[in-house]
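Next, two complexes with chain A in common: one pairs it with chain B, the other with chain C.
Let's turn to the complex of A and B:
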């Protein structure tokens, strides 16, 4: 298990399950500060090149720089045609209910589950 | 001198009495020093109005998200760390108006004006979202989708007004958002 602490949030990578679990409130100041998240996602996708699940259900907030970071990661996976991405969302958290479906607009192969 | 007014600006003018009226004046240095303060202030603003709503947790998350994007933008693009950001929140029955006012460098002023013009005149915001992200370099310096997501996903009405003070050669940006509280 690998863990990244980013501001008020954490991302945990469960390698055996190809699972990324996001928790807390991710509101880093700018794209540069999100570089650590980009690198963590990239390493995770290299470890799990077939399938990768991003569990966002405990992520209370994600600012637009964070949404951009996740979006660009999905576009990179689309370009590489791997890994297959599954996103777990929580409709009781408004930003997820409103904005997570955007990921599928970037890459139709993204699977979104409630 | 007013240079331009874009989008849905002053759809509820200040002359109409509000049922709630909060005014915050803050310096960018407060947020730059501790970025977490953006979120703290956004959460405060959200809880201040959300607890009276039918679904307070949902409204708190929405209002905090909107407020946070607005003050993050105003902070990042303020001309001076010791300049001022003014935030005005007014509640009109089921509409929450949030207005930010700050001074920006000329270069950002021009970029922001062009960006908001594109946002407010777009007929297809999904396409704009996809194109904005697809056109980004691998290591972008800025997100550029905050206001776009507000309009696209939160059904926010957004307007902006741009001013130039010729005496001080400063550029002022006023951004207004109107959030129609969902029930």
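Let's turn to the complex of A and C:
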């Protein structure tokens, strides 16, 4: 298990389950600060090239730089055509209602589950 | 020749592929832009909703704080910390005569209704005169003048006494209402006022603090209140000396208060000459030496209920004055 602490949020990567769990409020100041998140996601996708689940259900807040980082990660996976991405969302958190669904617009192969 | 044609064809295929990649990338960027814009809008809308919630909460908070204190906390939150200072203040206490007996006898719903009505009336008057409502302690009210906004000691004493006189008039109106609601004793209130140096500030823990005042002078004001007769206002000589001649008061006696080394001279505040209170001493003109009774025409065939009540109030006041002046 690998863990990244990014400000008030954490990302945990369960290698055996190819699972990324996002928790807390992700509000890093700018895209530069999100480089650590980008690297962590990249390493995780390389470790699990077949499929990867991103569990966002406990991510209460994500700022604009954060959604850009996740979206660019989806686009990178689309370009590489791997891994297959599944996103778990929580509609009780207002930002997730629309923004998570938009991942599918970026790459139609993304699977979104409540 | 054929090689050249093949090279051109490969270039064209490569260019077409690059063009397609470029178009796909622009398409992705468009979606990405849209995603970010929608995400930002969601956050902004949420922010606006939360702001509205905070505004509503602050509006609720306004009901429980003096306007000065409200402005201080809302405008400069760093001020709401555990700080204190010594200040010369005028302190007011009041409580309802026999409230324990009333609360034992009266239905809790009725008691709650009339008590809240009374406290609300008193709070409105206190706020109108610029008083800081320190706290409600059951039926008791504690108000002080001089912080957070400081004008000058004489103004604070004057405003406090005018407030007390207006409260007394409001109590008389409430008295009738309380009796109509089934409180047989009606409403009688005692009040005490004193001026002096107090320690004022926020006391308590970081999680729960009260903006209040402490010190021996606070105790003197409280003690004066407890010594007052029903519907009378007692002043210390310190407050009395800050008042102008427009205030009519008379010396009652000196008292020794536990914990205070010197005797406290007690005065009773009777009236304010320039008062425009509508029900203030009807049919009676007060001056510092006594009073003059205006013509009272009692006619059982023409007097209304209000006329009779005004006459009754005037005569009751006069009897009270005579009793107080008797050596």
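Keep in mind that, in the parts below, the second predicted complex is superposed on the first by the 114 of 114 C-alpha atoms of A that agree within 3 Å, B and C clash if a C-alpha of one lies under 4 Å from a C-alpha of the other, contacts with A are read in each partner's own complex, and residues count from 1 in each chain.
To be clear about the criterion, contacts are C-beta pairs under 8 Å (C-beta built on N, C-alpha and C of every residue); 3 or more make two chains touch, one makes a residue touch a chain.
These numbers were taken from a predicted model, which means no experiment stands behind them.
If you put the two complexes together on chain A, you find that chain B and chain C bump into each other.
Looking at the superposition, the partner that touches the larger set of chain A residues, chain B or chain C, turns out to be B.
Contact with chain B, but none with chain C, is seen for A:7 once the two complexes are overlaid on the shared chain. Of the two partner chains, chain B is the only one that A:60 touches; chain C does not reach it. Contacts of A:75 after superposition: both chain B and chain C are touched. Contacts of A:32 after superposition: chain B is touched, whereas chain C is not reached. The clash between chain C and chain B in the overlaid arrangement falls on one stretch of those listed (40-48, 166-174, 184-192 or 274-282), that is 40-48. Where the contact sets of chain A with chain B and with chain C meet, they give residues 61, 63-64, 67-68, 71-72, 75, 94-95, 98-99, 102, 105-106. Across the interface of their complex, chain C is touched by residues 61-64, 67-68, 71-72, 75, 78, 94-95, 97-99, 102-103, 105-106 of chain A. Within the complex, the chain A residues that touch chain B are 7-8, 25, 27-32, 35, 60-61, 63-65, 67-68, 71-72, 75-76, 92-95, 98-99, 102, 105-106.
Taken in their complex, chain B has these residues touching chain A: 35-36, 38-39, 57-58, 61-62, 64-65, 68-69, 72, 76, 126, 129-130, 133-134, 136, 138-146, 149, 153-154.
Listing the residues of chain C that touch chain A in their complex gives 28, 31-32, 34-36, 38-40, 42-43, 45-46.
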